[in-house]
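Structures for review follow.
Two complexes, one shared chain (chain A), two partners (chain B, chain C).
On to the complex of A and B.
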């Protein structure tokens, strides 16, 4: 009978494996805890009520971020997919085309794509969008209002005293729970500010 | 060394193109496809008929076409209507489901005619209902494929004692006998005149003038007259200017004793002789009025002025047509944006007691969607508005028995006293949870017909 001990290399491997498992468990637990805390947090963030917004253009100029943390978002389930899109084309355009002189957006941040007769899809390029709301005004005036502004929380610094909220003429800026930070048209309806009506981000 | 550095920097500055990351915005980036309007099986206009029942009615009232018998949206000889509403008033007498659209009804002696689109069977359908109970009496239909595009149907039939004339979403004209619904003839304006189907489908409401059907195809003929009985084309007005069909409708006008038809097309506005040796000839035209989408009809005044208006940022224009030695001169008196005076997106202004009423479009600034009153002599000066609490969307309006009825997009009906000096609201009631209630209304025998995008309602407004 021999009382041989396992090689040291095996113990080390087991130790490392156990350590890794422990680290993974702690990480997962940590992430879960943070997520839980965030999801039940009473912290508030800024957001724009799209039904109050009057497309004044201040979101583009007053935000401390350059370009603004406010971007246009598109509610595709509301969009009419029109050829003559009031959010994409200037009023009374020369032609319904992608030519620069026909586009309403000053930074060409809306991509127009033909789907099939008679439908066109409009997608916002957030890197180019400056939050000027020209497209929102056009869409609201001549379309379904599917284009609207939202504060993007991957950019927003969430200043306690939001520089845009101070000057918003429509009082459209409001604080909403951090776990439901967006008020997207379609999921969010006019006057619907209760928690269950806020669309999760 | 310093010199070399400066030279290097200078070369770098010269060579560097700070705009090389820019992308050009040029036509065609959307990969627009070719128009598929002609794709699909041939359309056999009026191929189907279904009889559901018969009806005899003692009702004698009529609303025979878009904007009524006199093309002014005013019901003449209306029976007395209620001055106020209490409780459940005004009562909804009946309602019927319709295909998604904005087509308004016409009324003739107890019968209601609507040009509908059956989304299940994929058919244009002229439907006849009893005005008394909403029961469908018959339907004349034909198969035509459409894709939803903010509704399909959007035209009001023209009705005379003998005929019903319709235009379907893809410019198919159909004429049937009024009583029986028997097919008389059909005309595909896309095939015959190379009409370009307007955005969101046809909005032009057809005209019956005596026994003639008057239509504005655009394409190879800007206007045509067709004999209602036989379908024979009586005259065609050439279209050298390449004007296109708009959503506007032809309006009759008599200027200095000369009867003509006025049409606000895409590309311009024109007047076509309606009588005499030059019938069907262009008397005057102007390309000063040229917008991509034109829905309201021209409002013509006895002094030669014509008020033109359109939505989508177009604004309005007042022109003056002056006869001079057998010719006609057209002058632009005013042109302005929607924020600077009366403008309309969908409906046509009403002229009443020397003033004009209309609902402003959404891009009219603070006046958006408000009813306003102006004088035709100064359309930029607003006499009164319905105020910021009186917004009506893009909804229709008409006048009967000294009362004006306005329907908001969401199904709220408002009754006001039309007045040249101030806004006087008499009653208001939310009738139903409506969506896009934009179709022109009709009224006869104290029954007001109105609809939203999917349902038509008959409302009792009589005393």
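On to the complex of A and C.
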């Protein structure tokens, strides 16, 4: 009968190893739980229903952020890539060109890029966009309505009482879950969420 | 003394602040009409000189359906299709009958035998005068969006906005040729159709006219599909067509002049057979707050029969 006892150094090593394993498991579990809670959280954030928006201009003037946290976004899958773009060009422009005098946007925040005859792509420069919705009005009236406003959550302070929501004449501001914070046209449609309900402009 | 003065000044200041905040709070409340410094204003283009208005509205009646889709004339009756119904009205607005249809309608036309051709999303259905289904064509495919049909004798022309093509078919739905595909040798530029507005009609001589909305023009084709002529001008001004997809709807009068209908800033206009602007049938003011291009048909008396989608009304215009 041999009563072999492990050396003290071995016990310490095992203790440290299992301790570290435990700590790793706890921290991984913690991160997973926090992520899970966050992803299923019922926290709400502000967002604009693009089908209710009436392009009143208040998103540009009433937001506490300067420039506004509301920006124009572009649903490329709805866009007609038109040469005569109602969202880019002033009504009855001198020419269909990028000259400042022909542009509708007061801050020149839309870039027009030639694709192929006669198609053009329009990309929003969010740094310049002030959320005035002038282009949205033009695109909604004379195009497919692919340009629309959204609150950008990397800028929005998510105020308890949103300064724009308070004055929005169309009641277009609503609270949406934090994990689905955008209402982008195309995936989200008027009166529902069906993707195939492609609505006219 | 000084302290009293300071107190008075402070009270006045506090009151002023309260008044300013209150005024701001009430003045900017939702629903208040505040001037929009970024307003998109096309009022200038909505104005039409009264001397340019050649027609007057004589008859108006409502169509009691959820979503009207198209209008056509059948003798002395007006045919309207909604998503799931064919309806017939007389000129007093009395509903003569309505009948369920199996597919969702997109457009309608009536041929010389008063049979009713209904374009659905992917196909064409033929009904008799009483709304009984006679024929159903094969589907043009999942990408197809049928937006207009014109019948001339045994020739049926079908506009497919999804595939940007016009099918020339016989009455059984057999495709005889595809018209409008880009072909430099035939001088065909190809259709630019940014949205599902793609109308066509056949003139007095049996020639096909197609609205190439992305190019703001009308294109006229020979029987072999080659381009015969075209006309159109892109402009916000009254004599032109603007936006992504205009003229959205049109019809041809007996003298081969054109009645056009536009969306965005709805207006109905008259052009002669060469595309020269002659005048206005209905100005934008007659479609206040409207957006959709009214569908139009021409009756035997050459009246313009319009289906106003915004108001859900049939509106009939007669020459002054």
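Observations, loosely collected:
We adopt the following convention: the second predicted complex is superposed on the first by the 158 of 201 C-alpha atoms of A that agree within 3 Å, B and C clash if a C-alpha of one lies under 4 Å from a C-alpha of the other, contacts with A are read in each partner's own complex, and residues count from 1 in each chain.
Here, contacts are C-beta pairs under 8 Å (C-beta built on N, C-alpha and C of every residue); 3 or more make two chains touch, one makes a residue touch a chain.
Just so we're clear, the structure is a prediction, and the values are computed from it rather than from any experiment.
Bringing the complexes onto one copy of chain A puts chain B in a clash with chain C. In the superposition on chain A, A:186 contacts neither chain B nor chain C. In the overlay built on the shared chain, the residue A:19 is in contact with neither chain B nor chain C. Contact with chain B, but none with chain C, is seen for A:112 once the two complexes are overlaid on the shared chain.
Once the two complexes are overlaid on the shared chain, A:55 sits against chain C while remaining clear of chain B. Of the two partner chains, chain C is the only one touched by A:104; chain B is not.
Applying the stated contact rule after C-alpha superposition, one finds that A:133 touches chain C and leaves chain B untouched. In the superposition on chain A, A:95 contacts chain B only, with no contact to chain C. Using the contact criterion defined above for the overlaid structures, shared-chain residue A:85 touches chain C, although it does not reach chain B.
In the superposition on chain A, contact is made by A:166 with chain C only, not with chain B.
In the three-chain superposition model, chain A touches both chain B and chain C at residues 80, 82, 84, 86, 91-92, 118, 137, 141-142.
Chain C meets chain A in the complex at residues 28-32, 34, 36-42, 44-45, 192, 194-196, 214-216, 234-237, 242-245, 263-265, 291-292. By the touch rule above, chain B contacts chain A in their complex via residues 23-33, 35-37, 147, 149-150, 199-200, 291-293, 311-314, 361-363, 368. Residues of chain A touching chain B in their complex: 80, 82-84, 86, 90-93, 95-100, 103, 108, 112-114, 116-120, 137, 140-142. Contacts from chain A toward chain C in the complex involve residues 55-58, 60-62, 80-82, 84-86, 91-92, 104, 106, 118, 132-134, 137-138, 141-144, 166-169, 171, 200-201.
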